[in-house]
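Note that subunit A is present in both complexes that follow, paired respectively with subunit B and with subunit C.
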Partner chain A sequence: MLCVTALKAAYGKIEALHGISFHVERGEIVTLIGANGAGKSTTLKALMRLTPPESPTVTGGDIAFEGKSILGMEGHNVVDKLKMTLVPEGRHIFGNLTVMENLTLAAWTRRRESPRKDIEHIFELFPRLAERARQRSNTLSGGEQQMLAVGRALMTKCSVLLLDEPSMGLAPLIMYDMFRTLKQLNSEGLTIVVVEQNAKLALQVADRGYVLDTGEIVAGGYSAELLQHLEIKAAYLGG
Partner chain B sequence: MQRRTLNIIFFLAAVALVVAAQAGLLDNYTLTILMFMGINCMFAASLNLVNGYMGEFSCGHAGFMCVGAYVGSLMSVGLFTSSKLFGAPLLPPELAPFLFPLVLLAATLVSALFGLIVALPSFHTRDDYLAIITIAANYIIISIVENIDAIGGPRGFSGMKKTINAMHGVIDIPWMLIWVIISTVVCITVLYRLVTSTYGKGISAVCQNEVAAEIMGVNTNRVKIMAFMVSSGMAGLSGALYAHVYGYVNAQAFNILKSTEGLVMVYLGGMGSLSGVLLAAIVFTLLIEMLRFFIPMLNDALHALSLLPADLEVSQIWKWVIIPLVLILLMQFRPEGFFGNRELTHIFPRLRRWIYFR
Partner chain C sequence: MEQFLQQCVNALQWGSFYALIALGYTLVYGVLRLINFAHGDIFMVGAYISFFLSTTLLAPDGWFDFSRELTLTLTIPLVVLLTSFVGVALERIAYRPLRRKGAHRLYVVITALMCGLVLENGNLALLGASRRTLPQLMDKEVYMIGSIAVTNLKLWVILTAFLVFFILHFVVTRTRIGMAMRAVSWDRFALPLMGIPLDSVIVFTFVLGSGIAGLGGMLFAMSYPVLEPYMGAMTGWKAFIAAVVGGIGDIRGAFVGGFLLAFVEIMVAAFLPSTFRDLFAFSILLLILWIKPTGFFGMPQTTKI
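Now for the complex of A and B:
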């Protein structure tokens, strides 16, 4: 469904991706793993068609969504038309708005309808958010903020969800909870691409994975194979 | 009914003002100040949309006021009066009171168009760049106007008084006061409805986090350009009214100092607070007028106490020392302005029972 071929991306003159290729099928969980600076986040930003300066410019290769190139698209159209969205690294929630307002705002593309039903669905998924509905979101704990970021992404009614390091800064228990929820969402039909530094955790949940290293894909395959591979190269990936 | 108490009070106050002006209870000076309050309210509130709600930094807002002032003046002179520039009036002057809103509308639309021209290249950049581009736009607009000799160039342009006289010829009521009041109410209502709508929430989303806004499907570029156009259009409207209240326009009246006045009002009121900025516009207008009396008093007092040498005078120019000083003190002791980004109804929740606004 999502097919990336020989993608090159650069920030200004500095090339961050040197021609990577991978694909994602509908209903899969695919993970991109690798160390800091490997180009994982860059890949997601390129997929989302976000604009510079925060995001890279694509200098070569192609990104195709259901066979059609999306390189000419803008970020908001990727969300609106392709139903693909991102949970960015560092969450990027609207700190001075309440949980409720954050979620309502995320239904922007459907702003003529009432978002009430969708919000209730999010609250079922993350009961903690329901308790905090009227609270300013920058007073939430890290885990709750991450839930809100995921909830907000789901409010766009996406069918493909890209996550950038959802485990960052979370306590292990909450981290497992988060991945369990992702697995549940996936079983309900959501396609997920998740970028992680915690390779073992990611591979336990994902169907397939790719290993990135300094802007190139160095390994790829089914999670079980990669996990075995990982154990051999434990030191290389920092276990 | 109770919920509309304050609305009714405001309405009655406006009517009372018009009646008092008609009965001659208010002298021309008081009336002019009242009208400038309205004009400053529009000017500051429109700037607040860009600098407050959207978090961009527009520094040349008076440029759009200038466009509106000249477009409005030229139209009203051309349509309703006989002038050297346009010759005989295009329309019978008796229509002036009825077609004047069209003049205001044209000034608004042309200024909004100028806003679009400025916004298109500049919104690919952010922050400081927008500030620089808007200052440049301010200077460019003034230079263009000053170099067109047909509309008076640096001497300014006048003749709008004739339009007002034409209005008074039809029915003798304080027309300009009425137009200022109506325009101010329309501007405030439009701005309030815009920022409280979901579309307006998109504006504050852009302000807080552009990436997050984009990944929720907000077309950040379009939202920004739209808000900028609304803002510059309203500045143009305030400019057209300004020109008609004075009966004379001069491009230098809309230079960087005027833009700075707008910034002072926005920061005084609190960025992103509509009620705060309106209050600040009123306070600021009063403050400037009070200085007109206060500075000679200070001058006399200093001379009487012989604290100043006899040949040294404290002149009105000191206004431009005192106003920036107010801004500096404000930044030092209350950087968030009167209300921060909150509204009057957030600070006094009980007010909500008495006012109906949507």
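Now for the complex of A and C:
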């Protein structure tokens, strides 16, 4: 469904992706793993068609969504038309708005409908957010902010969700909770692409994975294989 | 006492002009963190547009030959509309390309300053240095409240300023586009991820700010009907200072700041030699900023590094 071929992307003159290819099928959880600076976030920003300077320019290759190139699309249209969105690294919630306002704003593309029902659904998924509904969202804890970031993304009624380092800065228990929720959302039909530094955790929930290293894909396959591969590597190299 | 109350009425009128301009400064700053130094000149453009529209519509040998009432009712919405186009054009031509290239904020501010100069001097080159006089669009009536004299125009100016403020406040705090405007000011990156076109939100902000400045320019020209190309420069600077003292980025601040500045100015001019006006007014504002550097409604900003 999502097919990336020989994708090259650069920030200004510095190339960050040197021609990567991978694909994601509907209903899958796919993870991109790799060290800092491997190009994981760059890949997600390129998929979302976000604009420079924060995001890269695609300099070669193609991104196709259901067979059609999306390189000419703008970021907001990717959300509106393709129903794909991103939970960015560092969450980027609107800290000066309340929890409720953050969620309401995310229903932008469905302006005519009242977002109340969808918000209730998010509150069922993350009851902690319901308690904090009227609070300014920069007063939330890190875990709650991550819940809000995911909840806000779901408010767009996306069918493909990209997540950039959702475990970052979270306590282990909250982190497992978050991945359990993602698994549940996936079983309800959501396609997920998750970027993680915590490779083990990511491979435990993902169907398939790709390993990125300095802008290139160096390995790919089913999670179980990759996990075994990683464990062997860790055993020999003491990782 | 009588004189004081009479001066209060005058201060309310002047404050209305400052407030109407300051609102535009604060709106654009709130959304883009950009001090739009061309904004004072947008105010001037608004005054000129109202001049050309009203003379065209009134001209007895022209196509229209409208009555004054009809001219006034047509000119107001048209001035707002056309001035907002000028603001949007500035954003398109000058600010957006820089934003796309990720230019540092300093360069955008300098661009704004230059745009203001282009508007002033463009006007001078096109129309010459001769002053224009706006035709009278409203019969002057003087109401006496006790011993205080108020003209109908003054009342309209003050009323309009308050009305604009309340509508704007409602838009920013209660509507979804207002939410989006506040969201941009916090985190521009995440907005497209919600399916919200960033450029539309920015354009909307410029429409609001410039439209309000245009309305202010027209009301100003009706009150003091002499127009010249540099009329927006000093008034614009003062309104900008008013917005900062109120707490730039907050529309309540711009509103209160505008009236505060006018109040100080008028009172100094009324009870002290009028040459002291700006000296005293700005010393007082300096003192306020010294005590509260973020302005009345401003919050200390933490910049992410």
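Simple rule for what comes next: the second predicted complex is superposed on the first by the 234 of 239 C-alpha atoms of A that agree within 3 Å, B and C clash if a C-alpha of one lies under 4 Å from a C-alpha of the other, contacts with A are read in each partner's own complex, and residues count from 1 in each chain.
The definition used in the following text is that a contact is a pair of C-beta atoms (placed from the backbone, for glycine too) under 8 Å apart; a residue touches a chain by one contact, two chains touch by 3 or more.
Computed from a predicted model, the values in this text were never measured in an experiment.
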Inset, instruction - Mind checking the superposed model to see whether subunit B and subunit C fit together on subunit A or clash? - result: clash
Legend entry - Which of subunit B and subunit C A:Val160 touches, first, second, both or neither: neither
Inset, instruction - In the overlay, answer first, second, both or neither for which of subunit B and subunit C A:Leu44 touches. - result: neither
Inset, instruction - Kindly classify A:Val24 by the partners it touches after superposition: subunit B alone (first), subunit C alone (second), both, or neither? - result: neither
Legend entry - Partner chain in contact with A:Gly75 - subunit B first, subunit C second, else both or neither: both
Inset, instruction - Using the touch definition from the top, say if A:Ala106 reaches subunit B (first), subunit C (second), both or neither. - result: both
Legend entry - Overlapping contact positions on subunit A, where the subunit C interface meets the subunit B interface: 48, 50-51, 54, 74-76, 79-80, 85-86, 88, 92-96, 101, 104-106, 108-109, 111, 152-153, 155-156
Inset, instruction - Name, in rising order, each residue of subunit A that touches subunit C in their complex. - result: 48, 50-54, 74-77, 79-80, 85-86, 88, 92-97, 101, 104-106, 108-109, 111, 152-153, 155-156
Inset, instruction - Could you pull out which subunit A residues touch subunit B in their complex? - result: 48, 50-51, 54-55, 74-76, 79-80, 85-86, 88, 92-96, 101, 104-106, 108-109, 111, 152-153, 155-156
Legend entry - For the subunit B and subunit A complex, residues of the former touching the latter: 198-199, 201-202, 204-205, 208-209, 211-212, 214-221, 341
Inset, instruction - Would you mind writing out the residues of subunit C in touch with subunit A in their complex? - result: 100-102, 176, 179-180, 182-183, 185-187, 189-198
